[in-house]
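You will see two complexes here that share subunit A, one where it goes with subunit B and one where it goes with subunit C.
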Partner chain A sequence: MHIERSDLADLARGAAFLGSGGGGDPYYSLLLAEAAIARCGHFELVPLEALADDALVAPCGWIGAPTVSVEKLPNGGETVSGLRRLEKIMGRQIDAVLPIEIGGGNGLAPLIAAAELGVPIVDCDGMGRAFPESQMAIFNIRGLSSCPSVLTAACGSLSVIETDDNNTHERIARALSVALGGIAHMVEYPMSGADAKANAIPGSVSTAIAIGKAIRTARDRREDPFTALAKALEKTGLYPHCLTLFDGKIVDLERETRGGFSVGKVILEGFNGSGRMEVLFQNENLIARQDGEIRALVPDLITIMDRETADTITTERLKYGQRVKVIAAAAPAMLRESSALPFIGPQAFGLGTDFITLERLNALETI
Partner chain B sequence: MHIERSDLADLARGAAFLGSGGGGDPYYSLLLAEAAIARCGHFELVPLEALADDALVAPCGWIGAPTVSVEKLPNGGETVSGLRRLEKIMGRQIDAVLPIEIGGGNGLAPLIAAAELGVPIVDCDGMGRAFPESQMAIFNIRGLSSCPSVLTAACGSLSVIETDDNNTHERIARALSVALGGIAHMVEYPMSGADAKANAIPGSVSTAIAIGKAIRTARDRREDPFTALAKALEKTGLYPHCLTLFDGKIVDLERETRGGFSVGKVILEGFNGSGRMEVLFQNENLIARQDGEIRALVPDLITIMDRETADTITTERLKYGQRVKVIAAAAPAMLRESSALPFIGPQAFGLGTDFITLERLNALETI
Partner chain C sequence: MRIGVDVGGTNTDAVLIDGDSVLASTKQPTTEDVSSGVAAAIGAVLATSEVAPAAVTSVMIGTTHFTNALVERRHLDKVGIIRLASPSGEALPPLTGWPEDLIRQTGTTCFLLPGGYEVDGREISAFDEACVREAGRTCRERGINRIAVSSVFAPLNADMETRAARLLQEEHPEATISLSHAIGRLGMIERENGTILNAALTSLAAHVIASFERAMQDLGLEAPLYISQNDGTLISADHAARYPVMTIGSGPTNSMRGAAFLTGISDGMVMDVGGTTCDIGVLTNGFPRESSLAVDIGGVRTNFRMPDILALGLGGGTRIHLDPAHYPAEHLPEETLKVGPDSVGYRIDRDSYLFGGDTLTASDVAVAAGQADFGDPAKVPALSPAVRQAVWSRMQAMLEEGLDRMKTAPGDVPIIAVGGGSFLIGDALKGAASIVRPPHAAVANAVGAAIAQIGAQIEQIVDYDVTPRETALQQIRDAVAERVATAGGAPDSIEIVDMEEVLLSYLPGRSTQVRIKAVGDFAGAAQTASTAQIQSELRHAH
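After this line comes the complex of A and B, so read on.
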């Protein structure tokens, strides 16, 4: 399968939705991908099954605060210099790249890598959405090492990290991203084709394109884009349930860049006296409460979208007065496993509650 | 020349004095060096001139807050793993090591490296004393690159840094040291023998041993150790002037660990109504003022010592009530050059004054 130039905006739109508010604003990534495709014609997207067991696969993306990603331009060479260094360390060429997280700008980050290296992108990712921290990747949950990893920054600096503890790796990488101005490119969890096949979230890149396309097509036909989004998500199998949690206006917003993250909360007031919703975020939206009752919880996806266009509003783009819908979607089954929840469930974010599925919270389940 | 076991305590004592209050408490370094010498018999100390022009020379030491260095034990393998990685990056063996700074524990740090690698220590260093930041090394002042550098920490992690800007390198390394618990071992400014010969501060290791020996011998003979210290310093040529600035008691102390440094000030009250002295420090002592008048300024050395034993009290060991002498010594001439002062003079520390020599401040100069 090819990713053509006409797919890029769909991929950006779909990835923004899957980012659950985070993953970095896709705007610059889209521009960089368009420039890359103008040079190379198209990107090759291969299914996980096509990987040779002994292939060298490199997940990549950006680490930092999304608020910084919209203010500080990359130099354009971060991706390729990080990947070339990984090749030098591994003593061999990279066979394929994949997004460490499909969400937001990071869903498009490997396109630039693929164009530069002349390798395919694998139709999968490491998070099935976006998460704020490196050790929240499914690869860590499944016991793979994040190292060696390579961080490259706009100033031209390059750092290699090696540790056998993925939490230490996150701590080091986060400190580096802060020291480097709040954002850096990172190649991490280099792995074999066999490990990718056994552990990555399959099909997420093509799913993102399908989601973006459904929204665009509905808009072109003057149909409801939210209905189209829900149908597209159901069809994927990866995100089997989707729900409009709330329809309202942003009446309060607290957001700060702290410890290398964008953290805060947004409060919405419903139209027609339908109460209030509060959404907390750390780069990504983590919990949605309506009048004190939990409506959705991480790792399920919570995305705030423009109520007319169904454009995703990432956490760093939230503004007072925006009229929005809050959409929730069931996370891929791999993220809801009991072995995964200690890493990416509500307790991992200090939310003080165990995970409850979107279906159960909203009585969608037939018990 | 050999460094024998009997020299180690003298080296530690002399390095502590040259640390100007910083460079890390020498206690653990001394223990590690004694353990290393018990295995290898002695250390080989070679003069700068003995280096081949094309030798690979590796400066090493610890980066972090001295307050942490006395609380957090090293794992003992940091040095060798950092040096071995540098060898891998450079594709050749290291021919010799040297202390990045002669001051404090860092004056002994390369001994462990030398024992592990079986290479000599070069009788020189990169600072002629201790300074808090990596870009304050004479090697940066003279235009050499700090990279590739390798940071290793007690947790077993290893980070390689590459950047062509030594200030960015310091920022990255400092952030890493904080993320790694406040202290890490660093191999930096790898250089050729020719570059070491042209730029390092010569003779500082043997000078430190001579200083330590002079103090010890005087104590053994019940002579005044401060007179012996002053004589020893004059004899070195490197530190041509020495002066007792103040004799008094610590009556106030402010010290915090901030941004990866120990920063603060200490106030002394003189015996016999001789006024007050205030000493500001950032890891190292930077400025000494007596009743508002400047008596000594960085890069000249300011060291606070026990007034009976002439043991150096590093900034992290300062305590209320200690009875001390404040000793100042003229910095090596290379550090007082007008090209060096923007990097290591009072303005580099935001002290708001230009450098004035110890001799001029205390009317020692015959003009």
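After this line comes the complex of A and C, so read on.
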């Protein structure tokens, strides 16, 4: 399968939805990908199962603050220099790249690497959505090492991290991203084709394109984009349930710092007296409660979208008075396994409640 | 006494205001040369009110010229584009994503030069004086007299941009230079886009502002001239000539602020019904609530703050889709009736039944139902009371739904009904605490211009672990108040009208994006003239 220029905006739209409120607005990643495709014509997207077991695959993405990334833009050379260094360390060429996370701007990040190296993108990712930290990737949950990883910045600086512990790796990488001005490119979790096949979230790139396309097509035909989104998600099988949790407007928005983390709470009031919803966020949306009852929990996706256009509104862009729909989608099954929840479930974000699936919370029939 | 003028594509409106009262208002056709239309409109209000030109303390003008020029690709200058950012940003050169036909007008002369700041204030790379001078010389040699300069994080630190401007001016004395920190907010591409558009408008701006000034001279008006900006505040004519892009969204803002002034309602909703749409906006503290979406101007993405407007497809010319066989019906099934969204628009005076046409419009039904009185009611086909009621109720339901969608709190809100089609807003609208229909509503735009205040806005990224939150906020509040005073605001009237804090996600620590906006009343003629002078000296000092 090829990713054509016309697919890029769909990919960006889909990736924004899968960000669950985080990962930043993919607009700049989209512009970068358009510039890359102008150079190389199209991108090749290969299914996960097509990888050779002994292939070397490299997940990549940006680490840092989306607010910084819209001001200090990439040089373009940081991507290729990081990947080249990884090849040197591994003593062989990279055969394919993949997004470390499909959610937000990072869903498009490997396109630039693919264009520069002339390698395909694997139709998979490491998070199935957006998460704030490197050790929340499925690869860490499944016991793979994030190292050697290479961080590069627009100024040309390059750092290699080698450590046995993925938590330590996250701390070092985060500190480096701050030292580098708040945004850097990172290639991490270099792995074999066999490991990718066993552990990556399969099909997430094509899923993002499909849902982006569904929203766009529905808009063009003046049909309901939310119905189209739900249908497209359910069809992929990766996110098997999707529902509109709430339709209302933002009547209160609090942002504060708690224990060194920026956290926030948005309160929505339904149209025609349909109650209140509260969504707690910390980089991404984590929990949605309606009139006190939990309706959705991380790692399931909770995305706040413009109720007319179905454009995703990231947590930084939430504003008092916006008219929105809150959409929830079941996370890929791999993220809901009991071994994954300590890393990415409600407890990992200090929510003090155990994970309950979207289906159970909303009495949905399972497919 | 102040004069407010709104120069639209079709009409030039003017009002004369003394304190809280509108002494005179007029609507004149907009003329090709702009100047004579403005002169006619101002002349008309002075004549009706018998006020001497010397009694006028200030003139405020809102105009759609610059938006139209960008949309229609007319009267645009070639621009030399300088970006201080390298090595960052080279992956996304200027003009990325611009429409081809616009690029043909602005040209593609770009210079990616070292410079810019990191979010923590360090330099990305050192400012390179020789490179900047070289770029200035190249522009001069190529006959490019408009230069747009953008540097990374310029809203946080404008030093490199102002240094570049000084050097460029030395190398290329005829050049007019637009600096990004004076134009946009954080978001490098959007701010740079706005700066390039601004530079491209330079010649037109000089021409338009000069024609406004000529109109005033012709009338013997010596009062200072101010132009309204996107956010409903004023800039001096001199400043507007250099930063015309700051005025492109002033129309809807002026209309809403005018409505607020005419009614004394500072918190409520404005429903502006025209021929095709009903535009609903929210007033908070007398200012329109701003939209948070990116704004596309002539196909270019910018991040200007524009009012958040919901446009419903219901206006005076909206078509009522109903089979004439149903006109006399005693009972009208729900599905037989459709209201809009199409409209006969400006052809209402030909196509609607009221004016001898054969299309049933919202106006026809409103007149038949006794809610308005114009045209020739005898020409509207007989509609049964049930049909009249059904159409009217449907229209009210559409307006009620729009109202509910724009409301941010439960409970009823005061509604200000303006615009030529405001008779479509019934007195029994659900969700409305009251419906106020102000006099002079047809010239609300010009009123909004006349009553505008001086404003300023500052955006910063502050690390609260380095500067405690209260200290940081106080510093920004003081700085923004000082800017308002410098621009001509009366110091004791300055108040903070908007504040936004967003913590930077995915970064440890407490770095926060803070935006604070302040406004102040216009300090008065004498003082302002001298302030304008100081401002212009400050600019030359840069």
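The rule we apply is simple: the second predicted complex is superposed on the first by the 353 of 367 C-alpha atoms of A that agree within 3 Å, B and C clash if a C-alpha of one lies under 4 Å from a C-alpha of the other, contacts with A are read in each partner's own complex, and residues count from 1 in each chain.
Operating definition for what follows: a contact is a pair of C-beta atoms (placed from the backbone, for glycine too) under 8 Å apart; a residue touches a chain by one contact, two chains touch by 3 or more.
For clarity, every value in this text was computed on a predicted model and none was experimentally measured.
Visitor: Given the superposition on chain A, which partner contacts more residues in subunit A: subunit B or subunit C?
Guide: C
Visitor: A:I172 in the overlay: touching subunit B, subunit C, both, or neither? Say first, second, both or neither.
Guide: So A:I172 only meets subunit B here.
Visitor: Touch check for A:N283: first (subunit B), second (subunit C), both, or neither?
Guide: After superposing on A, A:N283 lies in contact with subunit C but is clear of subunit B.
Visitor: Taking the superposition as given, does A:V251 touch the first partner, subunit B, the second, subunit C, both, or neither?
Guide: A:V251 contacts subunit C only, not subunit B.
Visitor: Can A:M90 be said to touch subunit B (first), subunit C (second), both, or neither?
Guide: Touch partners of A:M90: none, neither subunit B nor subunit C.
Visitor: Would you sort A:E316 into first (subunit B), second (subunit C), both or neither based on which partner it touches?
Guide: A:E316: touches subunit C, not subunit B.
Visitor: May I ask you to decide whether A:L158 touches subunit B, subunit C, both, or neither, giving the answer as first, second, both or neither?
Guide: first
Visitor: Check subunit A for residues that touch subunit B in one structure and subunit C in the other, and list them.
Guide: 155-156, 174-175, 178
Visitor: Which part of subunit B faces subunit A closely enough to touch in the complex?
Guide: It is residues 155-165, 168-169, 171-172, 174-176, 178-180 of subunit B that touch subunit A.
Visitor: Give the list of subunit C residues in touch with subunit A in this complex.
Guide: Residues 85-92, 96-97, 116, 118-120, 122, 124-125, 152-153, 186-189, 282, 289, 292-294, 301, 308, 404-410, 461, 464, 501-511, 513 of subunit C touch subunit A in their complex.
Visitor: Which part of subunit A faces subunit C closely enough to touch in the complex?
Guide: Its residues touching subunit C are 22, 24, 27-28, 31-32, 34-35, 63-68, 70-77, 112, 132, 154-156, 174-175, 177-178, 181-182, 249-251, 255, 257, 260, 262, 264, 269, 271-273, 283, 306, 311, 313, 315-317, 319-323.
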